[in-house]
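Some structures are shown below for you to check.
Shared between the two complexes below is subunit A, which has subunit B as its partner in the first and subunit C in the second.
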Partner chain A sequence: MTSNAKTDIQIAICGSAGDGTIAAGDILKQAMAKAGYNVIAFDVYPPEIRGFGKCVARARITSEQVYSLKGKSDCLISLDDSHAIPHVRELRKYGAAIYEDTPMSDMAEGMHISGHLEPGHLPYGVPMREMSERITSSGRSRNIVAVGYLAGLYDMPAAVFHEVIGEKFARKSPELGASVRSAFDAGFEAGAGSFRLHFDRIGAPGSAGRHVDLIMMSGNQALVRGCLDAGIDTFFGYPITPATTIMEMLAREMPKHGGRLLQTEDEISAISAAIGASYAGARAATATSGPGLALMSEMMGLGAMAEVPMVAFVSQRGGPSTGMPTKTEQSDLNLAVYGVAGDGQRIVLAPTNVEGCWKCAGKAFEMAERYQTPVIVLLDLYLSNRYEAVELPDENPFASDCSKWAERDSRARPYSRYRITDDGVSPRAIPGNPGNMHTVTGLEHNEQGRPNDQPATHQEMSAKRHRKLLPALHHPGITIEKRFGDAGKVDVGILGWGSTFGEILEAMFEAHKLGVSCAAMKVVMLSPLPVDPINAFMDDCDAVLVPELNYEGQFAALVTGATGRAVNRLNRVTGTPMNVHDIVTEICRLAGRTDSIAAE
Partner chain B sequence: MKDIQEPVYLEDKLKEIEQSGKLAYRSQTLPTWCPGCGYFSIVEGVSKAMTELDLKQEETVCVSGIGCASRFPFFMNTYGFHSLHGRALPVATGIKIANDDLTVVVLGGDGDAFAIGGAHIPHAARRNVDITYVVFDNGVYGLTKGQTSPTSVLGFKTTTTPYLNMDEPLNPLMMLLSYGASWVGQAYAGEPHHLTDMIKQAIAHRGFSYLHVLSPCVTFDKTSKTYQNLGMAVRPLPATHDASNFAAAMAAAQEIDLPQLGVYFARERPTLCDGLTEITARAQGGSAGQRAAAG
Partner chain C sequence: MAKPEHYVIIGNGVAGGEAAYHLRQRDQASRITMVTVGRLLSINRYELPKLFTEPNLDWRDFLLNPPEYYADQEISVRRNTWVTNVEPTKRQLVLRHRETLSYDKLLIASGGGRHIPEILTQYRDLMMKFGTYEEARSVCNALPKGGHMVMLGGDMIGLDLARALVKGGFRVTVIGKDFLFWPHQLDPDEKESFAQVLRDMGVGVITDYGAASIAADDRGPAVRRIVLASGETLDADVLLSFCGLMPSLAFLAGAGVDLERGVLVDPHLQSTDKNIWAAGDVCQIWSPEEKQYRFYYGWGNVKRMGQIAAFNMTGGDESISTFQDERLVVTGSGEIDSPYWHYGGDSGG
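Right after this comes the complex of A and B.
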């Protein structure tokens, strides 16, 4: 059934809202993960609830670990030709196109996808609607017929699909599940029986054994898991795409563990309640996107000045302003790192993959408590909604209490909440601790916390608040920067952050194949910035490239500002993940290898 | 005419104050209010009320926003959170949710509450968060040196309304009643004994208590809400007022020019934390009600 060849197949399913595009992609990726393959998947949604906007579900199925989707897909499934036709260019040469070959009515010239396929594309017309109606008495299982056809065509194991379909419908409606399964089987039979070229078969899953423990998780799901593992006590949030699902998942899970969640009236209220709960000693967090973070910036300043722990998860989307709510971007770095009135530096973490979302989420609570400061975890829509097969350890790596506590009941010596210490962290007391009463404030204050605007006070307190963050660069149990690829001197070094790092790694591998010496460095902690490792990396590179999904080159400016060294920028604001080929082209150009740019 | 009283000697009075225990609630920081400010009555009232209720300082949190009134927490020897302009209510909600054994008192002025903070009031009230909200209404922005507030009267002249205020003031009592606050009362800084009693009742009430305190700003309002004008205008709610009657409370609240003092409305209903506790019980299998019935 499966050959020994390595697997690397990417499927793109295009349809209109309501066609079951996303559901089909979901079944495909869950099944393939169950079968032991590595899967990276990302769906694209329209911003409206109703209407006929375009949905695209993409899944890349591999035997070895990969880090991003490919620029070209190996198979294109069309559930709605008007949406799929623009994606024909995405299908590689000799890729397969699966489409409806018995449309309901006469179509105008140029409206059917078959007229748009390029030479080399393999056409597989399937009477999806007819089959769906015949098997299930309704056209609504067209998407399942298509997935079945795909599975049969590529010799995928049908059993895992049966399992996933069974689980999906087990609670709601087993009869519907049986009918869906029949639709899948009909498609599978048709696909298995069709003519295909010999390389159109799925290869083996990856190295055996390890993958049994992999589960498909999205960035948001991993983040939620990190919160729960870190013992989150309270959560306050306001719905905003793409962070809403974080609150929804926590709303179901937290009460089971005695946690308390409240949907507040706005983002300002959410962050205010989080800081209040933190002040009272609870592990508290909120989750939002760029526009929400903008509203929260005043409170971030209060957190910094009053030295109260706070955790905010921010999933970036197209901006500025309301922007593109269902498209990805990386343009809130400036807001996260700098966005506050005054010198209100805080800790900012930006994971690069789904497992990183879990790790950064849990560590955020540790750091917020330890350094008594706001911590922002910066994701983006792509990472929030990207599914990867991940393996999380059984043991919980997060510490449940990282606070430096004041002695209880220091009535003998008046308690100074903001006592200046060597490491800048003052021993903390919370309501309930006898004898340590104090008021926290956003006004500049002396060690006792009393408002004080004298020159020496503000100078010393500013130094204290900044100095205390530096040990975060060495916080245990988290990798805040890492270098990959060629060691020593290289022609081109790529500095990246966030979800784009997946595409950066893939581009680096391509560059290696073209004989370009190339290394990549991911930076996970954006504030405070690990300047020494970045300088060391830049010392090794003839040219440094910073690809990122924003127009203004925000991370490039951050690096240049901190190091005083110029970098080459690659900026894209298409609302889609960075194109690997674009990065490769730039690498080759910087390495002086314009001859080596491979055709896409 | 008040009864002629015996002379009061300073040493005796100081001893009485010390023995009352209310000083334990005061910090060593001197208030930043102008001499004659009505807020001195309020801090006195809060200290006395806490003494009489025997609240533990370490289990009491005073939360405020920004403004003259919001400086309050610094003058108290309890835990305190001097937060941001208009945001005291959600901060207090977070504190209460994290630890509902704490007594949380929220304090602020009319600007902090009704201008920038207005959006948070409906939600704190309708959720019945078990906190006490004391708003010090002097109808002006004092800390920024004399601008109109949402409770300034029509025609009030300030630095930003040199041609006189054209905005109708809002009616805080009607607002709080309509948002579902489960305890609503009004007091006056010029009647400190009544004020202390109101504060005590407000804190003791289980649920969201709103106490509106009329208080003159002696520096920036020489014409409108002065001791002279308020002293003549205020009167108690009639003895026949039924605090369980919502319509009666709304009717009484409309007398904004002749403010009536006392408890307008009071009722018991489940608090926010009661609801969260119930949610936890449901999530962990079975509701609290079922479990209680099962014994």
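Right after this comes the complex of A and C.
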């Protein structure tokens, strides 16, 4: 390792399902996080449940804090040329391509990746299969040989890979662990022995290395950790990409903590059961994606009307309808914020990074209870599957009970479940509390919960249900919105939400390098919207840009509707994360500049 | 519309690169593919000795053309790729990674590797190489400041390096009983007189005895002990062999193309197969003057061969001049050179 060099290397591993592509990427990112580097990683799976679809694992390894993947990778590993060939264009000039040099069978002209590399790429053909067979008596460890070769070629610390391999395979069998380690070592030796023509160097971990407790987590993993830290009691769900892993992980973990999980027959049952459990006093949640949220919208309305706390984790994917299950998109904002019959406002939180997933998950339960409302935590596939090295505090910051409970056994006066209060939150009771008998219904109701459609009642109750959510804008311990970059007046301000905010920050820093004065604001709470801070931010900006991964500019419309001010929209629906270069180009255009950064 | 011709060139040295350039000039619609075992695009190996005087240079500084040139010219360069067979009847190559590659016209410009005299072949692993950037950089890294390099042979390629090393403050000894000044054939008096020129430059030259054996010394992996036929010993930090070139044509075994030490071609550079040409250090050209096939070395020659091969592969009719002035001369700056060996510094295409 070169101790003084800054590290910023992005690796893309591309293969077919069954090649161990994601497993190889997992070992890489876990090892480098263990070594103290910042790691951002994102895996792409095939849409097919069975078959041989394409998998891509990308990991950006840095010594300094970064916020997104790069548009181009520094190294591409091909475990299946037919899938990797289209990704050759993602490899930067003078980037290294590592590929299989001893395929199983003869191939026609043009089927091997070496014929598709650009003149500026550096080819490293490696007999992965032969090496794997020689070392492990099977070709199945060629992915590990490839990772070993990469580690050797880039002078990565082998010891952390050994640790990760040991941990990963120890549970299966010690023999398998030893065999995999041998495959890694063979690859490492070959890589270390190759002449290095590339110019990337692995330096010391840098400021990231100060943290000894960096944990490599995906957005969904962090979200699950947040649920567990917040003391989730019950979970009801129905599998759907990209939210399925939330339920899978909770299914493993909740029983250890005394919790219960049930896979229901569909999304409607899942949210209905979650509302029922929550009504009964449990901390309850469900998880789904856009199509599931569409099915849940009726029960979301019941939750709002009946003022039942409940948390729904929604990870967006390409839509509408079944859409693009394994592609990322931010096009369910309208559904999350508005998707309900009537004026059914609820809280919508959209974390912008992996740590934010943990925080929003835990705080969602607090908010649901405190404001007696459904809370949607809105992720997308990119954030759900994105890995970052995060450091979580030792102390659990989530309150175990935030409900405003009704006094039990109060016989002095009849219990009014929906009593009008100054803050709009009525003391809550669970069924069976003596003296707290009440009615719960989806019909409009009076303070006792009895159906009532009188004009004054509906007016008053609608105001109550909206008023009670406003304090959420100042809920303790969570960032509702935050400004970054230049202070004071700027040429360009960038408003962002969700997973795209990482790319926005990277773009802002690039724009700073070009001398453009700009600032960025992330908005975590989408409903209710923090209008005053957004207005203050917009006051400082000559032009405001809103980049987001949807076609209609849903957040831009939300902001314009709330502030009455125009914004500049940047919309992409490519199924992939926003390109930093595109944002920088737009920033420069708005600043009256003609330059930008290089496309790579 | 006729299908575009696919020209495949095996090798990406001076001859191959020059041919690719002229093929593109003469046939804009064609496909051009270069195949090479190296990882790099064509480099100017004549300038590799600069690594010893300008150590901060990297491989990009030696590229004959930048990557953009190949993209602009639509020349595909398949690097890190080995040809295992040529099948002239199918007009296809078989690559080591089991892919086939078809061609309409094939140019063999695979050059040559170092030649090691038979008596010393058992010691080949104790000698470093200097043919590619990677090899040159490895030599550079292995040779300590002011260190001692010993060259077996001392051909014209090696003497270019010797000159750069002496300028860089290194010690150089040439064991030049055989192959000194190769490919020039000198009589004993001439050879001694030019050897003296080398000595005057600061290069140690041994012409009485050749190396009899080589051993790895225990001071490090790159340290070698050379035992001369006289019994004297010589210690080297780096040992290299500069005893001429051995054409690289193992992949042509069984292809049906006439071979001797190289690919036999007529003065049009066409082989005995009508779709296969050869250029550069790999080919033996029929010399009508000498009534024999012979090699023509040197930057000027191989560059010209690349041009002529491209010309004839695209329907031209041009012969290479097989006469050359083979005198060895001492230049005004005191360096040994010859008109045909002289490297002019023009990177061609």
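As a convention for this text, the second predicted complex is superposed on the first by the 584 of 600 C-alpha atoms of A that agree within 3 Å, B and C clash if a C-alpha of one lies under 4 Å from a C-alpha of the other, contacts with A are read in each partner's own complex, and residues count from 1 in each chain.
The rule we apply is simple: a contact is a pair of C-beta atoms (placed from the backbone, for glycine too) under 8 Å apart; a residue touches a chain by one contact, two chains touch by 3 or more.
The structure presented is a predicted model; accordingly, all values stated were derived computationally and were not measured.
**Student:** Quick check on the superposition: with subunit A as the shared anchor, is it clash or fit for subunit B versus subunit C?
**Tutor:** After superposition on subunit A, which the two structures share, subunit B sits beside subunit C with no clash.
**Student:** In the superposed model, does subunit B or subunit C contact more residues of subunit A?
**Tutor:** If we count touched residues of subunit A for both partners, the winner is B.
**Student:** Using the superposed model, determine the angle subunit B, subunit A, subunit C defined by their C-alpha centres, to the nearest 10 degrees.
**Tutor:** Roughly 140 degrees separate the directions to subunit B and subunit C.
**Student:** With both complexes superposed on chain A, which partner does A:Phe236 reach: first (subunit B), second (subunit C), both or neither?
**Tutor:** first
**Student:** State whether A:Tyr124 touches subunit B only (first), subunit C only (second), both chains, or neither.
**Tutor:** second
**Student:** Does the superposition put A:Ser114 against subunit B (first), subunit C (second), both, or neither?
**Tutor:** second
**Student:** Which of the two partners, first being subunit B and second being subunit C, lies in contact with A:Phe195: first, second, both, or neither?
**Tutor:** Touch partner of A:Phe195: subunit C, not subunit B.
**Student:** Just to be sure I read the superposition right, which of the two partners does A:Pro451 touch: subunit B = first, subunit C = second, or both, or neither?
**Tutor:** In the superposed model, A:Pro451 contacts subunit B only, not subunit C.
**Student:** Once superposed, minimum distance in angstrom between C-alpha atoms of subunit B and those of subunit C?
**Tutor:** Result, nearest C-alpha distance in the overlay: 52 Å.
**Student:** Residue numbers of subunit A touching subunit C in their complex, please.
**Tutor:** Within the complex, subunit A touches subunit C at residues 93-94, 100-103, 105-109, 111-112, 114-115, 117-120, 122-125, 195, 197, 199.
**Student:** Looking at the complex, which residues from subunit B come into contact with subunit A?
**Tutor:** Answer in residue numbers: 27, 29, 56-63, 73-74, 76-84, 87, 90-99, 101-102, 119-120, 122-123, 272, 276, 279-280, 282-284.
**Student:** Would you pull the subunit A residues touching subunit B in the complex into a rising list?
**Tutor:** Listed in rising order, the residues of subunit A that touch subunit B are 233-234, 236, 252, 255-256, 258, 260, 262, 264-266, 268-270, 272-282, 284, 298-299, 302, 306, 430-443, 450-451.
**Student:** For a test of understanding, state which residues of subunit C touch subunit A in their complex under the given definition.
**Tutor:** 39-41, 58-60, 67-71, 76-81, 95-102, 134, 137-138
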